[in-house]
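Below are two complexes that have subunit A in common, paired first with subunit B and then with subunit C.
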Partner chain A sequence: MNVFIRKNLLRLIILIVLAGLFVAAAAGMESQDFLITLLRGLSVGSLTFLVASGFSLIFGLLDVLNLAHGTLFMIGAYIGWTVYVRSDTFMDLLTPLALILSGFLLRDVWSLLSTRLPAAGRMKRILPWAGILVSGLILFSVLRNYPIAIWDVGDYAQSPVSISYLASQGQNVQPPPATFETISPLMAFAGLIAGSLLLAFSLSLFGAGKQAEASRITWRSFTGFAAFLLAGIIFFIFNNLFTAFLAGLNTNWLFLIAVLVAVGSGAGLGALMETTLIRPLYIRPIYQLMLTLGLSAIGIEMVRAVWGRPEFTMPRPELFAGTGEGCPATSLAGWWQYHCSTMMLMDGRIRVFNEIFIPIIGVVVLVAVWILLQRSRLGMIIRAGVQDREMVEALGINVRRVFTQVFALGVGLAALGGVLAAPSIGLSNMMGESFLLNALIALAIGGLTSYPGAALGSLLVGLLQQFIIKYGQIGIAIPFTEIVFKPSPPIVPASIILLMVVVLLILPNGLLGKKE
Partner chain B sequence: MAKDTLFSTLKQNQGMLFTLLVFILLPFVVGLFNGASPAQVWLNESGHSKFIQGLAIEIFILALYALSYDLIFGFTGLLSFGHSMFFAVGAYLTGILLKSFGFSLAATFGMLFLAGIVQALLFGMVLPRVKGITFALVTLGMASVFHVLVISTELGEYTGSDVGLQGVVVPAFISPASERLRLYFVTLTILILVFLLYKRFVNSPTGRVCTAIRENEGRALMLGYNTFFFKLAALMLSSLTAALAGGLHTIYQPIVSPNVAGLGYTVTALLIILIGGVGTLNGALVGAVVFRLLDYGLRRYIGESASFINGAIYVAIVLFLPYGIVGTWKLKSMNLRQGWDRLLGMLNTASKEK
Partner chain C sequence: MDYLLDVQDIHTFIGQYHILQGVDVRVPKGSITALLGRNGAGKTTTLKSILGLTPPRQGRVIFEDRAIQGMHSFDIASLGIGFVPEHRAIFRDLSVEENLKIAERKKDDYVRKRDFIFSLFPDLKRLISLSGTNLSGGQQQMLAIARALVADNRLLLIDEPSEGLAPVLIEQLMKAILQLSAESTVVLVEQNFLVASQLAEYYVIIEEGRSVKEGKMKDLINDKDTIHRYLGAA
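Moving on to the complex of A and B:
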């Protein structure tokens, strides 16, 4: 016990000082104000944690500072919004997406073909680029007539998503959204499939010769392709049926679907990013900063191109949206009965989704990822890799695959954070950036590569921020004087940064980080 | 003998001298293209030439700023996310001293010198304590505190809070409106002097130790160097240069926006030297030119989606020019030279065998 105290003296002193501050902050305000602020802090802390935990896993294992993490958080929110609010657009998107992806599932065929290709010398170098160009042209000419996005760089404000959204709000919009009818569906199908096949083949040509050997082609090689093709066709034929089904669905289930889709596509995006862009840069770590910054700018502009300019709001699911009879609820049972959006707790009015649901999800994710890290084989490899990557590689573990999985996991968590944040803070293009900065600060406070540190840091950041905001409203009476100090809005980000600087100067590795 | 050495130095630096000549002639050539004689350009009467001069002045200032970041990040290996503070302190101090306190230009630059030293000492205070990414975050913290100070309403009288500092009156003899050509040459001269100073510093024994610290700090310590003082020296030179760049920024643009104190402006410096090539002095110059022209050209000709294409270009640079423009070019030219040597050697042996 003595040894423990002596080793962690600084850490304990900081924690005691923080606890003291917390108590002082609690004493300075009324109990219902305190409760609301506490819950809000927990809510912001949970969202920050969802960004920070993925960031820290990626940084710990891969040594990549993924500055595009905030953008991926934002993309998750937008995907969730599309599924939840515009499920018809979502169904329209599924067909081309499935068809384009289908070509990439014929990996065995491509690797065999590329080794058998007789072309040599210059042809071999030109062929892949020509293939990409041609397939790009085909896909472009088909997708141009498909109501997903206007690829007119001069004019974003009129993207089809925002047009259809405005139309559904009962506003008169010009022009009406284009439909698939401008080219025949058969042509479009053929174009999408041909483009996808050609693209996948030409991309595989780049790696030709690097692969060890082509595996044999069996019927299994075609199953993925066939499944996606079939899915694309089914989605197209029964588009109206699915749309009607989704539209008629209870919004609670729809929200669940939105969360799942957002997390899944976030994980997919992460895996794609890692395998194609990040992987060549492990030997040049500094350039990852530039790459991820560039990707972040691209991501924001892509979202602007697809979703248009306006900032959206996302209605809360039914379970949290009730008003009227019996609301605000006085207890959890009352909330369950009337599905109230707010409830009274110790005379304070709190929003159930923001201040109760999000922290609960935060805790659930915290525990789930903790179990994953502690109890599964993947978690074991991750923890070992964070400690010493070379040793894990030397033991013959395929670290590459684990890297991809961890990147996908991290981005998936960020996307989950985004879709959860959407109903409470609304969607905008820049919503991710402040969360990224918060997460970075939280990680610095808690310890950059430590998972419990990410949780503790996020909690501190969320609480401190909310308490300062609250005190900005009611003011702090400075003892022995008449002055009431009201922190102005710019002090909110500065306060958490100051906390970070103080903690880092005393403990350079953060509160829970290990010494190098 | 003396003549020979002079000639050989000229020949060694012919690329640099050529670039210099281009920049000296640039305002006049641009004037000629628009039908303004050199005399008119000299009297600041050619509008188009003035515009190009303004763009070039911005590039020079960016280049100074990027050079200062390259010194601490590219040569000494200190990753700082608070570098914009150096620049912003220079910019705001110049503006406030000129506007609110009526200092003369010389006195202002004297104060800039002091401010540069104080800032370097401030960053130096945390140097022994934190390293690597933690240093970056602590410096980010310091810069953010300065950013908050600048945009806070309490100091709005001096800094103009979030609107920015406006209405700085620049002494007439260097005013960007009426005497732009003079300002152009003054900035160019400062850039050249700073560049030569940096070149001297990097190749001096002190600079060599800085490079050693970047490569392996432990080993430099083992060899008996007190790395703290070398890092502090690099920080000080860097902070002075950045403050100077900030001062010039205020003189050229009598408006200082609070954005120059934010994290985004540090990222600008980082991007510039990543584009040009980390750890090369020429890289900072090339990077500044490419960065500013890209930004300007894309915003002018493409408009809305400029940052999309900007981002795509960054990704492409990372993938296709792995060590920045100058860095990759150095590697390639070295390979070419080796290849030529090998080829010539083969030819020689072949001719001898005959």
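Moving on to the complex of A and C:
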């Protein structure tokens, strides 16, 4: 025990000082102010943690600084909004998406074909690019004419801002479903499948050459492809039925579906990004940094093109959408009875979704990922791989597959953060950047590759920001003087950077980080 | 003769450095073969090249009649090759038991091999719940070897097992290596010639990235000239 204290003396002193500051900050304000600030801090901390934990898992195992993480957080929010508010658009998109992805599930076939291909030098270099070009043209020309009932960024009445506003007023009117006009459905299907097959094959040609062994083709190789094809067709035939079902669904369930879809698409996007773009660059860290930075910019521009620049909010699910002011609920049981958006707690009014629901989800995710890391085989491999990737590989473990899984997990967590943030702080193009910055600072404070460090850092960042904001309103009475110091808004971001600087000066690896 | 592993004229680069410039190693089935040579001669790189951790740019590596050069490391290892690296590479954040379990390739490998492993290294049994950080050097070495035994490996690549260990521990370790060589073939890199000469049946000497001499260990022991020339004073 003595050894433990001596080894971690600096760490303990900092933690005691931080706890002391926390107590001092608590003593300086009324108890209801303190409670609200604490809960808001927990809320911001939870969202920061969802970004930070995924970022740190990816960095720890893959050594990739994924600067697109904030953008993926934002994309999660926008996808969630689409499913939640415009379920017709979501259903219309499912069919083409399933068809385009189907070709990528024939991996065994492609790897066999690529070994059979004549290895003529120039042809081999041109072929993949030509394939990508042709398939791109096919997909583009089909998708241009594919009917999707979507909002219109150019027309204010049809823009996401208006639709969101109407939806929050309970007037979510969906336009009549789009129909095929310029092309026949059969043509569209054929085009999408052909484009998908060609694209998947061309992309697989890039990786050819380092094949361990020619994989054999069994009926299993086709199951994924067939399943996606079938799903695409089913979604197409029963489109109106599904849309009507989603539109009529209770918003609580719809929100749950939106969260699941956002997390799933985030994970899928992460897996796609890792396998196609990041994988060729593991030996070139600088290029990786440029790549993820570029992807982040591309992502933001794409979101601007599709959903528009103006900020808008996502209506809260029914459970949290009741009246705000004057709600008589004073406890969670009362809230459950009235379904208010706010409730009284210790004479302060707090918002249930922002200040209770989000921290609860944050804690649930914290525990769930912790259990995954400590109890599952994947977690064991991650913990081992963070320390020594080469040795994990030497044990015969397919590290690439684990990399893809971890990337998907990390991005999925970020997307979860995004879709949770959407009803509380709203959707904007830049929401990801500010959270990424917060998360990076939290990780620097807590320790870059440490999972508990990510949690502690996020908590500190969230609490510190909220306490400074609150003290900006009520002011700090400086002892022995008449002066009341009110921190101005610019001090809020500055304060967490200051905390980071102080912590890093004393503990270069962060509070819970390990020596490299 | 029946070779389990046949390394043919491999050339390996690390960055721009041409580390291996033609190494041949033939490992007969069921034997212990020692790679000998001075510091920096390329013995560790040879092991890593076999496993594909530093893939050879030229030459062939044949394991059980199958060319394995150019495959992914994890595919090579999965064929049945265990690796005990130079600095043990025990996973610090994992308990001793997890360090063994992570090496499973089939479900319940660990449960099946547990008794064999603990009969070789009785000490590990009482350390089972400790974290990897709290082990002494000797315990780490035993764990590293035990980890390579969990899966069904027909070939073990062991790098510098005696490095930094007390003489008593070295003796214990040698006994264990002899015992496990009854089950699988071993390629050993060893600086300590006394240890290597007592364990190995065959040897290959590597000098400046080339294999220069090979043969039976019992012939080498009496060949003072070769020992002096390639291994320094022994």
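Here, the second predicted complex is superposed on the first by the 471 of 516 C-alpha atoms of A that agree within 3 Å, B and C clash if a C-alpha of one lies under 4 Å from a C-alpha of the other, contacts with A are read in each partner's own complex, and residues count from 1 in each chain.
As a convention for this text, a contact is a pair of C-beta atoms (placed from the backbone, for glycine too) under 8 Å apart; a residue touches a chain by one contact, two chains touch by 3 or more.
Being a predicted model, the structure only gives us computed values, none of them experimental.
With both complexes brought onto subunit A, simultaneous placement of subunit B and subunit C is permitted, the two fitting side by side without a clash.
In the superposition on chain A, A:Pro280 contacts subunit B only, with no contact to subunit C. In the superposed pair of complexes, A:Val399 makes contact with subunit C only, with no contact to subunit B. Using the contact criterion defined above for the overlaid structures, shared-chain residue A:Ile132 touches neither subunit B nor subunit C, since it reaches no partner.
In the superposition on chain A, A:Gln387 contacts subunit C only, with no contact to subunit B.
Of the two partner chains placed by the overlay, neither subunit B nor subunit C lies in contact with A:Leu249. For the combined model, the angle formed at the CA centre of subunit A by lines to the CA centres of subunit B and subunit C equals 80 degrees after rounding to the nearest 10. Once the two complexes are overlaid on the shared chain, A:Leu21 sits clear of subunit B and of subunit C alike. Among subunit B and subunit C, the chain that touches a larger number of residues in subunit A is B. Least inter-chain distance for subunit B and subunit C in the combined superposition, rounded to the nearest angstrom, is 12, based on C-alpha atoms. Against subunit A, in their complex, subunit C makes its touches with residues 51, 53, 70-75, 77-78, 83, 85, 89, 91-94, 98, 101-103, 105, 147, 151. Residue ranges of subunit A in contact with subunit B, taken from their complex: 65, 153-156, 277, 280-281, 284, 286-287, 289-291, 293-298, 300-302, 304-305, 437, 440-441, 444, 448, 488, 490-491, 493-494, 497-498, 500-501, 504-505, 508-509. Contact residues on subunit B toward subunit A in their complex (touch as defined above): 126, 129-131, 133-134, 137-138, 140-142, 144-145, 148, 151-154, 263, 267, 270-271, 274, 278, 302-305, 307-308, 310-315, 317-319, 322-323. Those residues of subunit A whose C-beta lies close enough to touch subunit C in the complex are 210, 212-213, 377, 380-381, 383-384, 386-388, 390-400.
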